[in-house]
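Here it is, the structure, as structure tokens.
Letters are used for the chains, namely A, B, C and D, taken in the order the chains are written, and counting of residues starts over at 1 for each.
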Amino acid sequence: MKELLERLVEKHQFKTREGKCADYIPLLAEQDPSQLGITVVTRNRGIYKAGRFPERFTMQSISKVIALILAIMDCGERKVFSMVGMEPTGDPFNSIYKMEIFQTQKPLNPMINAGALVVTSLIKGQTVEEKVGRMIHLIEEMTGNINIKVNEDVFRSEYETSHRNRALAHFLKELHLIDRVEETLEAYLRQCAIQITCEDLAKIGLCLAQYGKTFDNRMVVPACVSRLAKTFMVTCGMYNASGEFAIKVGIPAKSGVSGGIMASVPMRMGIGVFGPALDQKGNSIAGTALLEDLSRQLDLSIF
Amino acid sequence: MKELLERLVEKHQFKTREGKCADYIPLLAEQDPSQLGITVVTRNRGIYKAGRFPERFTMQSISKVIALILAIMDCGERKVFSMVGMEPTGDPFNSIYKMEIFQTQKPLNPMINAGALVVTSLIKGQTVEEKVGRMIHLIEEMTGNINIKVNEDVFRSEYETSHRNRALAHFLKELHLIDRVEETLEAYLRQCAIQITCEDLAKIGLCLAQYGKTFDNRMVVPACVSRLAKTFMVTCGMYNASGEFAIKVGIPAKSGVSGGIMASVPMRMGIGVFGPALDQKGNSIAGTALLEDLSRQLDLSIF
Amino acid sequence: MKELLERLVEKHQFKTREGKCADYIPLLAEQDPSQLGITVVTRNRGIYKAGRFPERFTMQSISKVIALILAIMDCGERKVFSMVGMEPTGDPFNSIYKMEIFQTQKPLNPMINAGALVVTSLIKGQTVEEKVGRMIHLIEEMTGNINIKVNEDVFRSEYETSHRNRALAHFLKELHLIDRVEETLEAYLRQCAIQITCEDLAKIGLCLAQYGKTFDNRMVVPACVSRLAKTFMVTCGMYNASGEFAIKVGIPAKSGVSGGIMASVPMRMGIGVFGPALDQKGNSIAGTALLEDLSRQLDLSIF
Amino acid sequence: MKELLERLVEKHQFKTREGKCADYIPLLAEQDPSQLGITVVTRNRGIYKAGRFPERFTMQSISKVIALILAIMDCGERKVFSMVGMEPTGDPFNSIYKMEIFQTQKPLNPMINAGALVVTSLIKGQTVEEKVGRMIHLIEEMTGNINIKVNEDVFRSEYETSHRNRALAHFLKELHLIDRVEETLEAYLRQCAIQITCEDLAKIGLCLAQYGKTFDNRMVVPACVSRLAKTFMVTCGMYNASGEFAIKVGIPAKSGVSGGIMASVPMRMGIGVFGPALDQKGNSIAGTALLEDLSRQLDLSIF
């Protein structure tokens, strides 16, 4: 497996040149776009790594999966889905228009920013610290890594420039879907700035793959919630390229604009990828190619 | 004229029962919906009044005309229209979607909220007080009334509940069309809360009708700016009922959700109407009927 | 006047180089884009011409004004406006989306293609020939020109390539707004292919300017219908540049993609312009500049 | 299994009262809404039936899966997906607007009507008969049923009232995505009117579940095409309720407005359901409930 991963990293390395780092967040723009790394954690505790796997990077949208899991564990499915829908949208992650023109009274799903803000606001906690602390704690449980932290520089950088998210949050306030705008926004942007490595992502993926059981056999997420998370990862995990990813790769996965992808192959493995050069829809361009190849080689598609 | 006005007010009084007061601002919702008043100021200084003409009410969207005039006087047409368009939209006043889906880099016109926020941000002044003070001063110049004030209760009430406007403002910030969100929002909502009477509106209307010359012959607005204001009043002055109003009434006019309408018949007269019961598009329901009838009786259409 | 017109044609001639002829209709694409001509007919029967005024060209969208007038004369305002709205849209002339997403049960106005198809279907006549014949007859009445004909080549060329209009027509059929799709489409495209000259357009403009009375004092259109036509020309006559045209020129006008503009200055004059090089929104680029200049020189704005 | 199915049919029978038959096609509206039937065909050739399983009904949108498979077998993935996208939309099946306002040059996916029309036009065949004959032949191959026929009455009924589809087809013609509008429309509506039973659907589902191998072990569809079909069934198979169906049921499935659902559980079974009472999004209301329950009882979710 290790050799396969090394071969694939090498093979798809050139792809990094076709993308570019997210430029709307200064600190992300400064990343080296040529990086590409992967970690696979298998059901039988095997850990395989290749490329730039040791890098730390921020979760960004991958954190939406963690927040959704926690919100459901906190409030129950019924409550959460009374305030956010279940449908893929075909629209960009920061889109507002459907809520306006179709007068849907809730965001279409928890993986677009509008839905993610609602989900974060539902997580229990008196303060931003408590909410974010509980998300970090869940990540620590899933990964066994007790050193999960928020990257304060990235958080601050995003907080100051997050005008579109702020617009979304005020729009949601008008719809009575969130209450405290600035707090929700701060919690959301802090969760996006949580730092992880490919190994952390792979272990989260494995935990979902094993229906809530971690690599070292601790049950930390209910099976039904793990299943639900993987389902959203298929229908809306790769922004508005989710359909294409499902066709070409066929693995539940969630990407973030920092270049991370967390993937979960039911009952087989978790995968963490890092490659900050992005394609036009915001997904790691070499990371996606790497996963497509890996899926074909190991027949990982769930379809 | 006075008799005609009294007859028309009486005739259309019943119409007030078919509308209702704006309900999204608590203080507006408390108004007596049966009120209907009108003041006409003619070119030769005649002043004619009927019905509930002495009432004070807030300008709301009517203030967008004043702000536009001042912004152009401050920055010039070129600058203003590099940041806001000239086209009617057919969409509701608080709409965002076109800026998102058509990626227009500016609001479609200065009479929808998005455009009005940009316009207000262009008005000169170091502070909110200075900006609003200058708008009040312009109104005082146009009306000769030196007692123009902001209704602080209405301002405060709107400021606390103005989530959609705040969403718009942050969206505009992302487009680099406004800089200081809260200041712009405060200035905008203060201008909306400026109190006037039917007579004030009629005098503003006459000033525009006379290409910037007041009822008492002081030149306070450049002729070309007056013309421009009247043109926007025709194409976008009555929200997304402007087209129908142009067909049925044919007079440049601007309405506000407090129930006011300011109308301007070129070289003939200015008209101020107050009738807080609104139709579904946010225009005074009896006021519109009254103006339609008056236009027909006196052949006021510009077409 | 003649000298003024000649001077202005010469002055704005270079502008033709900045636009290009409509390319979606083969026969229009073959026109010489450098052409520019104007005819003005004044209230006192003065006729002034300059440039390429003798050219014949097809009415295209200018015919929408004729069709609207005839449909109202045939069916009455109430019937017509129960099936088509009065509001400007800010959208392109061939747009469908608002009818779908806002589930408006009628096109927004009679000057966009969707609305024009409905209007044409309302014109009385058992056959296409009869409908189109009656439109031609009305044009002959307004212009005194008894040689008005359809350009069969242009008609045929458009009929074969008019997929978007056909899509619109079937959409309208589903909304029960038109009945016979192919007949309506044929009548509509025949009316678009009616050939006229600048002088014809100027005389139509004058007829509307004089509230239905022709240059030679025959009353051929009811005054109220003339007024209504001019109002739509202001709010939606120049496609989605109508707002800007109202600001800069301030004259009721209707353009067509063949490069014609018909303008109507109330109680003063009618103007016909021909300049097939178009700007991005489909209006004659030099023709618009010419009218803007003329309006300023002669103070023609209605505002 | 048979007892389980009978119990579930009985249990969810009452649900049929909460929906209603499709009303836009006269012949579908006449169906008895209380019907509910199911057939399951398992990998080891077991066939289990309950309720109104013997009914014949038309495939409607379920035929889109067959057409997609055939088009890919005819033209290859690359060609097909150069003309139709892979993304779920969140919009109704007959939506046009996204192609207009986002100027996407192709329909978002092959399961909405716009995409399905393009797919059908790609199927090889000189005539409508040949195209439809080849689709019928493929169904016969997959099901082993050599009596597959088009219901001519349903076809004719749809063909005459299919204004929205005709609008879509002309729109696609303008985008150069289809060539012969009427032929494509006829082929598409004929494929929709192909009659099948629950057993046929179950066998199609099993064929896809077994990566192209039929219940009696004939290989009739390439494995990669079967996988692709199942993927689209997950992301867009249940109209704009696909996301919710994935969460609640978790099985690749495609529904039609006649009340049929074809479902495919990888390597385990195919399922055919018939229940013509529909929910608001056009899916069999009792059929969906039945599948949700069955999925839970037998743990069929792929996630």
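We adopt the following convention: a residue touches a chain if its C-beta (ideal position, glycine included) is under 8 Å from a C-beta of that chain, and two chains touch if they have at least 3 such contacts.
None of the values given here were measured: they were computed from a predicted structure.
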{"item": "Co-neighbours of subunit D and subunit A - touch as defined", "value": "B, C"}
{"item": "Farthest chain (mean CA position) relative to subunit C", "value": "A"}
{"item": "Separation of subunit B from subunit C, taking each centre as the mean of its C-alpha atoms, in whole Å", "value": "32"}
{"item": "Between subunit B and subunit D, centroid-to-centroid distance (C-alpha), Å", "value": "54"}
{"item": "Centre distance in Å when subunit A and subunit B are each reduced to the mean of their C-alpha atoms", "value": "47"}
{"item": "Overlap residues in subunit C, where contacts from two or more other chains coincide", "value": "101"}
{"item": "Complex contacts: residues of subunit A adjacent to subunit B", "value": "95-97, 100-101, 163-164, 166-171, 173-174"}
{"item": "In the complex with subunit C, residue positions of subunit B that touch it", "value": "85-91, 98, 108-109, 227-228, 230-232, 234-236, 240-244, 246-247, 250, 252, 266, 301-303"}
{"item": "Residue ranges of subunit B in contact with subunit D within the complex", "value": "101-102"}
